[in-house]
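I'd like to ask some things about the structure below.
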Amino acid sequence: MAEGRFQVRRRAGVRLWLSAAWLILLVIVALFAPYIAPKDPLEQDLFSGRLPPFWVHGADASFVLGTDSLGRDVLSRIIFGTRIALGVAVVSASVTCIIGAALGLLAGFYRGWVDVLVSRFIDIWMAFPPVLFSILLIAVIGPGLFSIILAIVVIDWTRFARVIRAEAMAQGAMDYVASARVAGRGRFGILLREILPNVLPIIVVLLTLEMGIAVIVEAILSFVNLSISTDDPTWGGMISEGRTSIHQAWWVLVFPLITLFLTVLSFSQLGEGLKDRFDPVLR
Amino acid sequence: MSFLEVRNLSARVKGGGPLLRDVSLTVEVGEVRGLVGESGAGKSMIGKAVLGILPKAVEITGGQIVLDGTDLLTLPPAARRVKVGASCALIPQDPLTALNPSRRIGVQITDRLVDILGWTRQRAEDRALALLTEVQITDPARVLRQYPHELSGGMRQRILIASAFAAEPKLIVADEPTTALDVTVQKQILKLIAALQARHGTALLFVTHDLGVVSKVCQNLSVLYAGKVVEDSTVADFFGAPKHPYSAALLAATPKYTDPSAGLQPVPDAVIAAVRAEVEHG
Amino acid sequence: MALLQTLLLRMITTAVTLLGVAVIVFFVIRVVPGNPIAMMLPPGATAEDIATLTAIYGLDKSIPQQFLIWAGGVLQGDFGTSITLKQPVLALVLGRLPATLELSVLALGMAILIGGAAALTGTRLRETRVEGGIDIAQGVALSVPDFLWGLVLILVFGVLVPVFQISGRVTPSLQLPFVTDFYLVESVVRLRFDLTLDLLSHMLLPALALAIPLAAIIGQLLKQSLKETMHLDYVTLARTQGYSEAKVIWSQALPNAILPTLTLVGVQFTFLIGGTVIIERLFSYEGLGNMAIDAVINRDLPLIQGIVILFAVIFTGVNLLVDLTYAALNPRLRHG
C-alpha cells in the first residue's frame, strides 16, 4: 500500500515538472521572441504562400513550420503569439484573483450583509453562460486586448470568490482564530495574519488554473475575431485561419493548436499537481 | 456430517503479515458454533473467507473451505457465488448500514429470492410477510413498504435476521450481530436468533468477542488468537475447565453472567506473551 | 410537504436570479455604452428616426421607469427587432433554439453514456491497470476545454479520416420536409432515417467535443461515489446473496452513488449549453450560439440581448429542474 502511494506521488511529480518545464519554456520564448523568431511575424510574401513545413515535399527550409495563405512564417507567428497569450493570462488572472479573493475573504470572514451581497451576486453570475457573457461585454465595449482582460475579470471573479469564501468560513471557525481573538488581535489583523496565509495555497492553485482559462478565452475570442486585429499574431487567430484552409494547408491549424493544447494542459496539470502538493490529507 | 469444514486456512494482507494461520474448524448441520477472539484476532476474516467477501487487500495463501462437500476455493467465482448465495446467509454487524437506503424494505428481502433463487414475485412477497411476522414485527405489511431510515436499529436488525432466514439457508454467519445495538435490544435480538435457529435447524457460525453471548446461544466454540485457533471445545467444557491458558485467562477477564459481582481479572501479560510465542513459532 | 417547500423556495430564488439577470442585461446594454438608440439603429439613421425610437422606448423617462417599460415588453415577448436581420428577435431566437437544444441534449446523452461507462468499468476493474488508464484519460479530457477538443476532432475525423461532416447542420442540397425546427426529432418521427443519419453525421463531432470534458467529470465523480459505496455493508450483504460483482455495482451501489453525480450533471449541463456558443461557431452549426457571435460581430444589440436572456432562462430552468429531480429521487427528502 505504501508502495502504491509512493508511485502515485511520483507520477504526480512528473506531471508537475513537465507542465512547469513547458510553461518556463513559453516564458523564455515570450521574453526573447524577437531574438528567437526566424522571421518577422507580420511580413507577408504572397509568392511563398501556404508553404508546407520543412519535411514535406515542396517546402522552403527557411520557413520551418511552413507559411499561411499570406506567406507569413507560422513558427514566428506562434512565437510572437506566445507574448499575447501569456501577457493576457498573467494580467487577467492576477486581477481576477485579487478582486475575487478579496471579496471571498471578506464575505467568508465577516459574514453578515457583505456575505449576503456577494453570495447573491455569485448566484446571478452563475446564471450567465460565461462565453456568452464575455461576448455580450465585448459587444458593448468593443473588441481588443483590454476588452478581453476586462471580460475575464468581470466573469471569472466568482471562481475565486466562491472557493475562497467557503475556505475563509471554514478557517474562521477554527480554534486558532478564536485564540488569536482572545489574544486581543483585531478582526482585520486576524484576516490578514491568520486566515490569509492558510488560504494562500488555494489561491495559488486557483490562480494557476485561471491562467489556463485566460489563455483559452483569449484564443476563443481571437478565433471569432473579437480580439486584436487579425494581422497581429495570436494563436486563436491562426487557428481561425487554419480552420478555413484546413484542406489546403493543415499546418496553419495544427501547430498553433498543438501549442495551445499543451499550454492549456500544462496550466491545468500544474494547478492540479499543486493542489495535491498543498493538500495536507494527501501529503 | 460437517456442513462447513475449514481446513488449514491461511491468509495474509497482500505484501504484509499473516492474518490467519492454519485455521481449522467445522460446523455440523444444525450446530451453533461460537468463534471467539479479541478484535484483530481474525475471527471476522474467517466468516468473510467462507462467504467470499474478503477485502481486496487480503489473499488466501493456503488451505480449503469445504462447503457441503465442495472446496469453495477451487470453484470459479461465479459458481462459488451461486453456491454460497443459495446455501448461506450473513447477519451483518451494523444494521444501520446494512440496508440499502434508497430501496424499500420489501424489495430488499424479496429481490434475491426472485433474482438468484428464481422464486415468483408473489411467493417471495408472501415469504417476506411471514418472516417479518416471525421476527415479531408489528404491522409487517406497512414495514415492507418503508425505507430503512424510517426504522429503528433494532427493527432493522430484525429485518436483516428475517432476510437471512428467508431462503432457508443451511448455514448462517452472524458477524457480531448485537455489538452495534444497545443493551436492552441486544437481549431480544439474541433470543430471536436462538429461537429462529432452533425452529429452522440452521447451522450458525456466531462470530463474537463476548463470551457471555456464546454461553447463551452456542453449543461449541473455537477460540482464536492472532489468527490461530488455540482452543476448540464444547461450551460446557470451556466454561467448566478451559484447556488452553489463553482461554482460561480470557474467561477470567469476562464478567460472570452468573455472578456479576465477582472481580475481573485482566488477561495477564505473561499469558499473552506465551500465547504469542506459541502462535508465531508453533 | 418538504417537497412542496423545496419547490416553492427554489421557484422564488429562481425568480430573483432571473430578475438580477434582467437588470444586468438592461444596464449593460442601456446604461454603459451611452446612447442606446444610436446602437439600435443602423448607421445613417436620421434624427427623426432617433426621436421616434426615443419616444417608443420611453428613453425620456427616468432609468427605473425605462427598466419597467423594457421589462414589461420582455415579459410579453417583445425583445425588439434585429438590426441586421430586420425581423423580430423573439422569432429569430426561437427559430434557432431547437438546433441548439438538439445539439446540447445529444451531447449530454453522449457524456452520460461515456462517463457512466467509464465509471462502471473503472469500478468493476478497480485497482487494475484499466482503472489507472481511465483515470489518466479523464485527467487529460478534463484539462482541455471543448473548443480544443472540437479542433482536435475536426483534424482527426474531418481531415485525417474524413468520416464525419465538420460544418453545417444538414447537407444543404437535401430537400427537408420539416415543419418544425427540431430536425433530428422530426426526422425520427417521420421515419426519414436517411435524414436522421445525415443530421447525426453533422452533429456527432460537435456533440462529442461538448461531451468529452463533461464525460470526464461524470466519470470521475461517479466512480468516486461508487467506490465509496462499494465498501458499505449492504453492498457486502448483496455479495453474500449470490449477486455478481457487476450486478452489485449496477443495482445496489449505483442508485445510491448517483445522486451527487446527478446534481453535478445539472450544473455542468448549463456549462455545456454555454459551450455550444463557440462549438457551433467552430462547426458552422446554425444554432443560437452561432447567431450570437454574428450578432456581436455586427453589434446587433437587440438580438444579443434576446439571446442572452434566453440562455439565462434555460440556465436557471435547468438548475431548477435538477434541484427538483434531486428532491424527488432522495427518499429522505421525500419522506422527511
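Residue numbering begins at 1 within each chain, and the chains themselves are lettered A, B and C in the order written.
Everything that follows uses one rule, which is that a residue touches a chain if its C-beta (ideal position, glycine included) is under 8 Å from a C-beta of that chain, and two chains touch if they have at least 3 such contacts.
Owing to the predicted nature of the structure, the values given are computational and were not obtained by experimental measurement.
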| item | value |
| --- | --- |
| Most centrally placed chain - per-chain CA mean versus overall CA mean | C |
| Higher-contact pair (C-beta pairs counted), A-C versus B-C | A-C |
| Centre-to-centre distance between chain B and chain A (centres being mean Cα positions), rounded to whole Å | 57 |
| Distance from chain C to chain A - Cα centre to Cα centre, in angstrom | 23 |
| Inter-centroid spacing, chain C versus chain B (mean Cα positions, whole Å) | 52 |
| List of chain B residues in touch with chain C within their complex | 51-53, 56, 78, 81-82, 84-86, 88-90, 92-94, 97-103, 108, 111-112, 115-116, 147, 149-150, 160, 173 |
| Of chain C, residues touching chain B in the complex | 126-127, 232-234, 236-244, 247, 251-252, 255-256, 331-332, 335 |
| Complex contacts: residues of chain A adjacent to chain C | 120, 123-124, 126-133, 135-141, 212, 216, 219-220, 223-226, 239, 243, 246-247, 250, 253-254, 257, 260-261, 264-265, 268-269, 272 |
| Complex interface listing, chain C residues touching chain A | 13, 16-18, 20-21, 24-25, 28-29, 32-33, 139-140, 142-145, 147-148, 151-152, 154-155, 158-159, 166, 270-271, 273-275, 277-278, 281-282, 289, 292-293, 295-297, 299, 301, 304, 307-308, 311-312, 315-316, 319 |
